[in-house]
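Look for chain A in each of the two complexes below; its partner is chain B in the first and chain C in the second.
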Partner chain A sequence: MHVRLMKETRFSKQCHNFVCPVNSTFLIFILNLILQGDLGPFNPGLPVEVPLWLAINLKQRQKCRLIPPEWMDAEKLEEIRDKERKEDTFTPMPNPYYMELTKLLLNYASDSIPKADEIRTLVKDTWDTRLAKLRLSADSFVRQQEAHAKLDNLTLMEINTTGTFLTQALDHMYKLRTNLQPGESAQSQDF
Partner chain B sequence: MAAGPALRELDSDGSSEELVLTPAQLLGGLEQESNLKRAKHGDLKVSIHRMEIERIRYVLSSYLRCRLAKIEKFFPHILEKEKSRAEGEPSILSPEEFAFAKEYMANTETYLKNMALKHMPPNLQKVDLLRLVPKPNLDAFVFLRVQERQENILVEPETDEQREYVIDLEEGSQHLIRYKTIAPLVASGAVQLI
Partner chain C sequence: MQGSKVEIPLWLAKGLYDIKRRILSVELPKIYKESWRTVFSADANVVDLHKMGPYYYGFGSQLLNFDNPENPEIAQTILQTFIGRFRRIMDSSQNAYNEDTSALVARLDELERALFRAGQKGLNDFQCWEKGQASQITASSLVQNYRKRKFMDMDG
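The block that comes next holds the complex of A and B.
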């Protein structure tokens, strides 16, 4: 359900991002947030770590420049993509929210990210490869009627794309299976 | 304030079918919110604080919406559970939610009676909501992330040909498994649903 997808992107905003304030009118010493505690001091020209939602908002008000995370670099992403294509299983991603970060940063701050288009393509390729692997393994899970699966290096966004459908399908199959012998374990509701 | 990770836990509540305990600390967070409504003329700071309060309000209200949806879906079973819980155990519903659940049940019964039941022959005028409303499906599959390492969790076989086997849950790993096997771990906080 896409409600879940929206929730996850909202929460990915809890992850931090580097921000570099550029405008000299922007000078707050310490910002105290409920969740993160103290942020700051904000001095022009010096990088500060802030949560992603704040970074995007400040960028939109043109009060700062965003510094991309160090994994958002064309060569690194190319390595990651090639590794993902080689392996059969899922490789660990540089950040559990890599997809949301890429999307948001490339939307709002593509001017401060070198080779933005290349990065977009590389991340999309990696995403496609991983989703293809996920579809294959979900298929074999259902086919072999496994009871348990370990999905260590999957990010939340990937899980949510197939998660609801997969769990509902598994539930239906379970119900059909357990109702093969009626009267024993099945708790059917009579009217 | 340790509300950050607690908010992430709230998010996981949407995945389970059962009603999980209300964390009291987050209701406390709502009160903090009202403290921060001071009118300062430091423009940027105020707007940033306001943004954060909006975010927190969104999370809390979506959590509440999730709980209310679960109450509406399973109300007879939840009320039954409330009735049969022991004296010392904490309630799974807040007092307002409990009132909501009771009112919902009363309204549903009145509605069914006025719409249909009172026009039926006298011996068919009773309806047992506990049997009619579907129970929460504890055999559903869920995704989870492990917070504390667990050993020897028994995985029941799906088909008759399979054997049951044990697995260990490493800290930080993610799994897909049936809810029933790990239900007590969710309640104790050793795993988190995603």
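The block that comes next holds the complex of A and C.
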């Protein structure tokens, strides 16, 4: 995550600001990060890479301007969406956490991102396409009674929304399928 | 009386059923019979499984314990029914958000209803996250129920 500090913000001023607030554990944590040299140096005007949580925190205090990730761009997302619609398989996403990132960045820093609304719609479209695809492949998976399948390029968020349903359905199907084997039917009766 | 037909619970039939002693022979409930099997193979989606027997899949699996010549067909029909109805359950459970679902689940059997609820939970959790409610801390349902129970005890 890149942030660009505002010109007028100096490091000392930030420190000064941090001492006053109530949240002292947070302050100590941040100071540790900065003093150990993991982050920074924070020079006004120069882009710096920091963790997302820190970027959002700084942004909320209006200490920086966020630089959106490269892929968060209306044209690129449009390309991704069209490719997703065209192909039958899942296309690789620019970031495994694209939903989470879009949500956080658009919620807290929509002024730093050009065409924020358009991006929101594009990401949502891509998400819907992918979920529809997931349902379609789940259905054909069940219909053909496959034993295993491989789904590449799925993100965690997508797995989370349909995972419980799908695994439960496959469990049931497995039990019903063991019924087909004569002689073994007696052991699979615990419904 | 010998030769008479009696309706008895499944557990009793299971206990009495013995191939060697031939105490009883089992007749299938009509929904597992040939005529209904053809209906299922035509279109499983139109059947009201909840009316026909709320535990269609579980009960059907239990019936396979009795040595019936039709066993393979029954098992096959149950499996195909599940496969045929799977798509509709998945789609309706993943798309009905903030809607009255009673019409959707009315025709589902108990196993399918559990499945439907799992799908709804996934959808609701996702919507919850999207609206930013996931980060709010709420009281556990256990705690809430516990309080209610305490009140009831005091009344009594």
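Heads up, the rule we're going with is that the second predicted complex is superposed on the first by the 141 of 191 C-alpha atoms of A that agree within 3 Å, B and C clash if a C-alpha of one lies under 4 Å from a C-alpha of the other, contacts with A are read in each partner's own complex, and residues count from 1 in each chain.
Assume a contact is a pair of C-beta atoms (placed from the backbone, for glycine too) under 8 Å apart; a residue touches a chain by one contact, two chains touch by 3 or more.
Since this is a predicted model, take the numbers as computed values, not measurements.
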Of the two partner chains, chain B (first) and chain C (second), which one does A:W53 touch, if any: first, second, both, or neither? first
Chosen between chain B and chain C, the partner touching more chain A residues is B
Check whether A:R143 is in contact with chain B, with chain C, with both or with neither, and answer first, second, both or neither. second
Go through the superposed model and pick first if A:G163 touches only chain B, second if only chain C, both, or neither. both
Touched partner set for A:R135, first chain B, second chain C, both or neither: second
Taking the superposition as given, does A:R177 touch the first partner, chain B, the second, chain C, both, or neither? both
Shared chain A surface residues [contacts with chain B and with chain C]: 145, 163, 175, 177, 189, 191
List the residues on chain C that touch chain A in their complex, please. 55, 57-58, 61-62, 64-65, 71-72, 75-76, 78-79, 82-83, 86-87, 89-91, 93-94, 111, 114-115, 118-119, 121-123, 125-126, 130, 132
In their complex, what parts of chain A are in touch with chain B? 4, 7, 10-11, 13-14, 26, 28, 31, 33-37, 53-54, 57, 63, 141, 145-152, 154, 156, 159, 163, 166-167, 170-171, 174-175, 177-178, 189-191
Any idea which chain B residues touch chain A in the complex? 1, 3-4, 7-8, 11, 14, 29, 32-33, 36, 42, 44-45, 48-49, 51-53, 55-56, 58-59, 62, 131-132, 134, 137, 139-143, 155-159, 162, 167, 172-178, 194
So, in the complex, the side of chain A touching chain C is made of residues 103, 107, 131, 135, 138-139, 142-143, 145, 157, 160-165, 168-169, 172-173, 175-177, 179-180, 182, 185-186, 188-189, 191
